[in-house]
Amino acid sequence: MPDSLEAKSTKAKIGVLGASGYTGAELGRLLLRHPGAEIALLTADRRAGQEMRDVFPQFAPFGLPKLVSIESIDWAGTALDLIFCALPHGTTQKVIKNVLGKAPAIKVVDLSADFRLADLDAYARWYGHAHQAAELQREAVYGLVEVHRDRIKTARLVANPGCYTTCAQLALIPLIAAKAIDPDEIVIDAKSGMTGAGRAAKEEMLFSEVSEGIHAYGVGHHRHMAELDQEFTLAAGREVVVTFTPHLVPMNRGILSTIYVRGQGELRPEDLHVMLLKHYMNEPFVHVLPFGTMPQTRHVRGSNMTFIGMTRDRIAGRAIIGAALDNLVKGAAGQAVQNMNLMLGFPEVMGLEQVALFP
Amino acid sequence: MPDSLEAKSTKAKIGVLGASGYTGAELGRLLLRHPGAEIALLTADRRAGQEMRDVFPQFAPFGLPKLVSIESIDWAGTALDLIFCALPHGTTQKVIKNVLGKAPAIKVVDLSADFRLADLDAYARWYGHAHQAAELQREAVYGLVEVHRDRIKTARLVANPGCYTTCAQLALIPLIAAKAIDPDEIVIDAKSGMTGAGRAAKEEMLFSEVSEGIHAYGVGHHRHMAELDQEFTLAAGREVVVTFTPHLVPMNRGILSTIYVRGQGELRPEDLHVMLLKHYMNEPFVHVLPFGTMPQTRHVRGSNMTFIGMTRDRIAGRAIIGAALDNLVKGAAGQAVQNMNLMLGFPEVMGLEQVALFP
Amino acid sequence: MPDSLEAKSTKAKIGVLGASGYTGAELGRLLLRHPGAEIALLTADRRAGQEMRDVFPQFAPFGLPKLVSIESIDWAGTALDLIFCALPHGTTQKVIKNVLGKAPAIKVVDLSADFRLADLDAYARWYGHAHQAAELQREAVYGLVEVHRDRIKTARLVANPGCYTTCAQLALIPLIAAKAIDPDEIVIDAKSGMTGAGRAAKEEMLFSEVSEGIHAYGVGHHRHMAELDQEFTLAAGREVVVTFTPHLVPMNRGILSTIYVRGQGELRPEDLHVMLLKHYMNEPFVHVLPFGTMPQTRHVRGSNMTFIGMTRDRIAGRAIIGAALDNLVKGAAGQAVQNMNLMLGFPEVMGLEQVALFP
Amino acid sequence: MPDSLEAKSTKAKIGVLGASGYTGAELGRLLLRHPGAEIALLTADRRAGQEMRDVFPQFAPFGLPKLVSIESIDWAGTALDLIFCALPHGTTQKVIKNVLGKAPAIKVVDLSADFRLADLDAYARWYGHAHQAAELQREAVYGLVEVHRDRIKTARLVANPGCYTTCAQLALIPLIAAKAIDPDEIVIDAKSGMTGAGRAAKEEMLFSEVSEGIHAYGVGHHRHMAELDQEFTLAAGREVVVTFTPHLVPMNRGILSTIYVRGQGELRPEDLHVMLLKHYMNEPFVHVLPFGTMPQTRHVRGSNMTFIGMTRDRIAGRAIIGAALDNLVKGAAGQAVQNMNLMLGFPEVMGLEQVALFP
């Protein structure tokens, strides 16, 4: 069919590096139905030579490129428009440095933590080694669309934010930037589904280890803190350090951040709510609930939405904010596609309009 | 914007009766993103006057008609093209009789069991009372698209099949019709997620009653048997009665049917597999897995796909078939939209191309 | 068998009012294997006349008294030593008033909220009506054994604490009483399993409503706050009001409290940890984990243990405390049996030594 | 305290080989509260040198021997009365051969599959290699107490049955032995919780891979078939081969077997039910439900009970049997302790009287 061939040739050619993980699968789900994108390359080093259906059977009915190893690719020879990089931290910076060295016109959305910290010293401190691609780090744009939309449009390399940090930032940055809350009194109690831990075979992520219970982890030292520090400090115009505690919840998808704040001066929780409501009035993927209504993660499952709620604490001046998103969509692959849309000139919402799957 | 208004006016106007249940929500999810349909009416008697977001918060970001009661509707005055009826058994036949009495041009996809049994005696036997709309029953077409596609295209009233029965029929009807298996030796052991039980507040469906365990129910007398009898008998050209045992599994969505069959004559499981493979080669929503591979419900979650697998039993001549679908999609709302597409002349797959959500 | 009859006659005769709820079942589980207790009476108004196995099939192998209605009982004629009252709030105070009016020698452990608040004004404010048994309220002892052990030993009426409040109090009372933390800077983010919501058939507790997601509820106004206020104020010797947010987690059992505190003066988190460690050294049912280790609810499931962990926040002077218990055991039935043991002169740990069931 | 020391010295000294797996933990849970047993040795090769609480935090409050490696043990020098062997298949036969070679007086309950098959050829066929301890195999007694009680009492080496096979055998052996059902028409559709897969870190057992879905596995070739063949053939006095399909269910514990049978001659399902009822009347750990009632796995969770139900199929002469047990208790550790009780002369039910934990 010449028609469809022609149609195909006008689509952007997309590669997904690390397609055998959960974020890779989620990129596959979204891109397969994205009107402007064509999946042209899928890599998975340990599964190279296999089909995507062998690692994720839900793709069985669809035609997709065979999985290849990264090192087998002739980057200069590909005609890719953009790659998503869903590789582990550390590996990523070397891979992207190599890709952009050989094919500098490719655009990159990196879903790892490797290019999120602008401060190379902070990077070294939190990750225990010097950054391997400092030049690229200087070029990278932090990809929280609702905050850095304009810079993302012209970026070559976008660092897709972490799932926890996206959730907390969307709730807090408008309030911090407006100096509406005390930046020294922020407590973020975050709860995540299990897909946040990735697909690596670890004993502590077996069904029987993590179902039917809840626990905190990384208490006092989770690496997403570095990202929060950077962005909150930027928004506040002065150093901000918050308390942040992540928990694992027996569910697949979802992050809920319950955030305890104190309004500045005479600002009441109702005032903070109005500020968020106005701030997000025209954002397609952030929805502020009526005052006093708190969000549930299940109501954003599978969608790119973030739901934010605000309630008055019984202690005067204090407010409790709830923010919920799907860690694999707005917290990873959906936000990455949102970044892609901006970088390639597509409508921002293209391919991201699925309604949440509940129940 | 006159443009979009005009565009809107060319869409089919759709009503959903019983929008506050799980099937209603699922119809909302699919129809909101269906290019040819516009949700023009939503009913929910007990929630009349409320917004859809009040009963299903996932719809909060979207504009939808307010929920109304069925009796408040002036059917002759609506300009609806088609209604989905997701009401409880019994109520349905009266409602549809009334609607079609007043507005005979409206097309109807009924998701209840009310119009599935062509034999009014069988209906009375299984449901304990005479059918209230016998005339309409004679007109109704059984809406398993893969079997009755042509008749559905011209039907006014389609009875959308049950979730269990869709799953078992898609696996078995081609084999029964081809006389490839012994119709007297079929055992269907079916497992369903909890949404199959609906949203009514019952003690036995509380989280703590049904999580962390499994059990059979309706053993020996589940009403879906009547539907299986009808369609299997039709396919076989002689009476077929099967053993069917449903179970409740602690998951939201999904039906898995594990089916034990014996091939006729010299037919081996491999031969049965080839028959299914050929039969479904061009069906968009049925995918036959490679021989020896069994399906998982999670790999069709949220999609309109049915996955079918076939494996050799160690007892010669016997085969074990697995069939998996999402009870709310191919088992209910997705199949209903597939029926709508045929009835209104849309491409059959329109609005149903979502990739499954896994994990 | 005269032997066993004789043995039986030396056991305490116990009644359980409200045996058809989850707390009632849990009392049954514990009392059936308690060496000093004999279940002599089980009530369940709506299930009167049925066997316990009809409402909880796990009791099928055991002989238990038939369920009766409360009003059918001749209290003066029973020879009960103690009753557990697991009835809804409001009903309880009338029932107990009636029981003790007719049979003043019966001891009572009440698992509702009815007798927890010593301040009748606070009761009226939080519950919206005057207390119906003010005399008895004055007599009632708040049954958190680790705090009020001595008074419980001689009490006739013990108000068993709430599940959330037990968890938070065990973590905080030693620190508040020692003036080791700032009582105005306490944030309690609590997460509960679904059994905490009881067995009433409510739409919002259906499996498909609450599985695969998490949400906060009762934000800013949960009634357990009244109980926390009372006990924290008592421990501090001045008014204490804390921030407390409960969440529902898709698991059956367990409460995890993540508590954010600030040490007074120079006290570091390590110092707070040592204080808890010493305080609970000889308590059989509270175990303080090594510094930096946080508890998981699953590791106390089915047991009467509370696990407490303490970790340093990265903000100087702030500590994060985790406390985990099983809401049906230490948070309800187990604690009630612990109270019974004290009230009847049994060893405190009798019948409560089960090891947690994990996985 | 000399008293308790003396008391201790009269207890049987027990070792658990492979204490870091789920079966090991479950043995720990049961033995810690067994009045006649003392845990004297715990091995875990990869965790040698650690405490049990490091691998299973639920044991934190209890004093237990440190974990050691198997090879560090001087078997002749230990004064163990009995060891439980919860090691992987294959390893086990070498370890036990070595232990009994050095300390022939030790009794052994082996929870692996290594000594279950009396026919060494069948072993080699199903496991792909010759048995390494053929002598011991000849001595081993198959430890399904309800069938082989007398031989177990005097055995030195007992092969604890598999979880699936215990469940199916308890339901079927009385009927097969009585020639009450057609042995050529048995279909066993079994559903297991996730702990049955053990604690090894495998991708396919991660929470996000196996929650929220169900699937069959090992279809047509699961190794438990060998065990069923042996015992059913023994009971029938002629060769019996059954259809058996295991499934994985998103729950931690429990096996449900739904079994399809045909009564011989005129025997109706009601007759089969009476036969089971009589057969198990005095068995402490098998409970036959009223006719028409089917069991749920959750009602035996954490207990050593098996619940069996029987229902009439609508096809004349066919019955549907349900059998439910906890795979870690009656399907593994509980049955092992039951075997120990017989081998050491304790009352059979000692330490196994816990009531099921529901919800």
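Letters are used for the chains, namely A, B, C and D, taken in the order the chains are written, and counting of residues starts over at 1 for each.
The working rule: a residue touches a chain if its C-beta (ideal position, glycine included) is under 8 Å from a C-beta of that chain, and two chains touch if they have at least 3 such contacts.
Quantities reported herein were computed from a predicted structural model and do not represent experimental measurements.
Q: Same or different: do the copies chain A and chain B touch each other through matching residue numbers, with over half of them shared?
A: same
Q: Pick the pair with more C-beta contacts: C-D or A-C?
A: Looking at contacts between chains, A-C has the larger number.
Q: If you take the mean of the Cα atoms for each chain, which one ends up farthest from chain A?
A: That would be chain D.
Q: List the centre-to-centre spacing of chain A and chain D in whole Å, with centres computed as mean CA coordinates.
A: About 45 Å separates the centre of chain A from that of chain D.
Q: How far is the middle of chain C from the middle of chain D, if each middle is the mean of its Cα atoms, in Å?
A: So the centroids are 35 Å from each other.
Q: Mind checking the centre-to-centre distance between chain A and chain C? Centres are C-alpha means, answer in whole Å.
A: That pair's centroid distance is 41 Å.
Q: Give the residues of chain A touching no fewer than two other chains, as numbers and ranges.
A: 22, 195, 208-209, 211-212, 250-253, 295-296, 298-299, 301, 359
Q: Which stretch or stretches of chain C touch chain D in the complex?
A: Interface residues on chain C, with respect to chain D: 22, 25, 28-29, 32-33, 56-62, 195, 212, 252-253, 287, 289, 295-296, 298-303, 305, 307, 353-359.
Q: Which residues of chain C touch chain A once you look at their complex with the stated criterion?
A: Against chain A, the touching part of chain C is residues 187, 189, 191, 208-209, 211-217, 219-221, 225, 241, 243, 245, 247, 249-254, 256, 258, 260, 294-299, 301, 311-315, 318, 320, 322, 324, 359.
Q: Applying the document's contact rule, which stretches of chain C touch chain B when the two form their complex?
A: For chain C paired with chain B, touching residues are 22, 193-195, 199-203, 205-212, 250-252.
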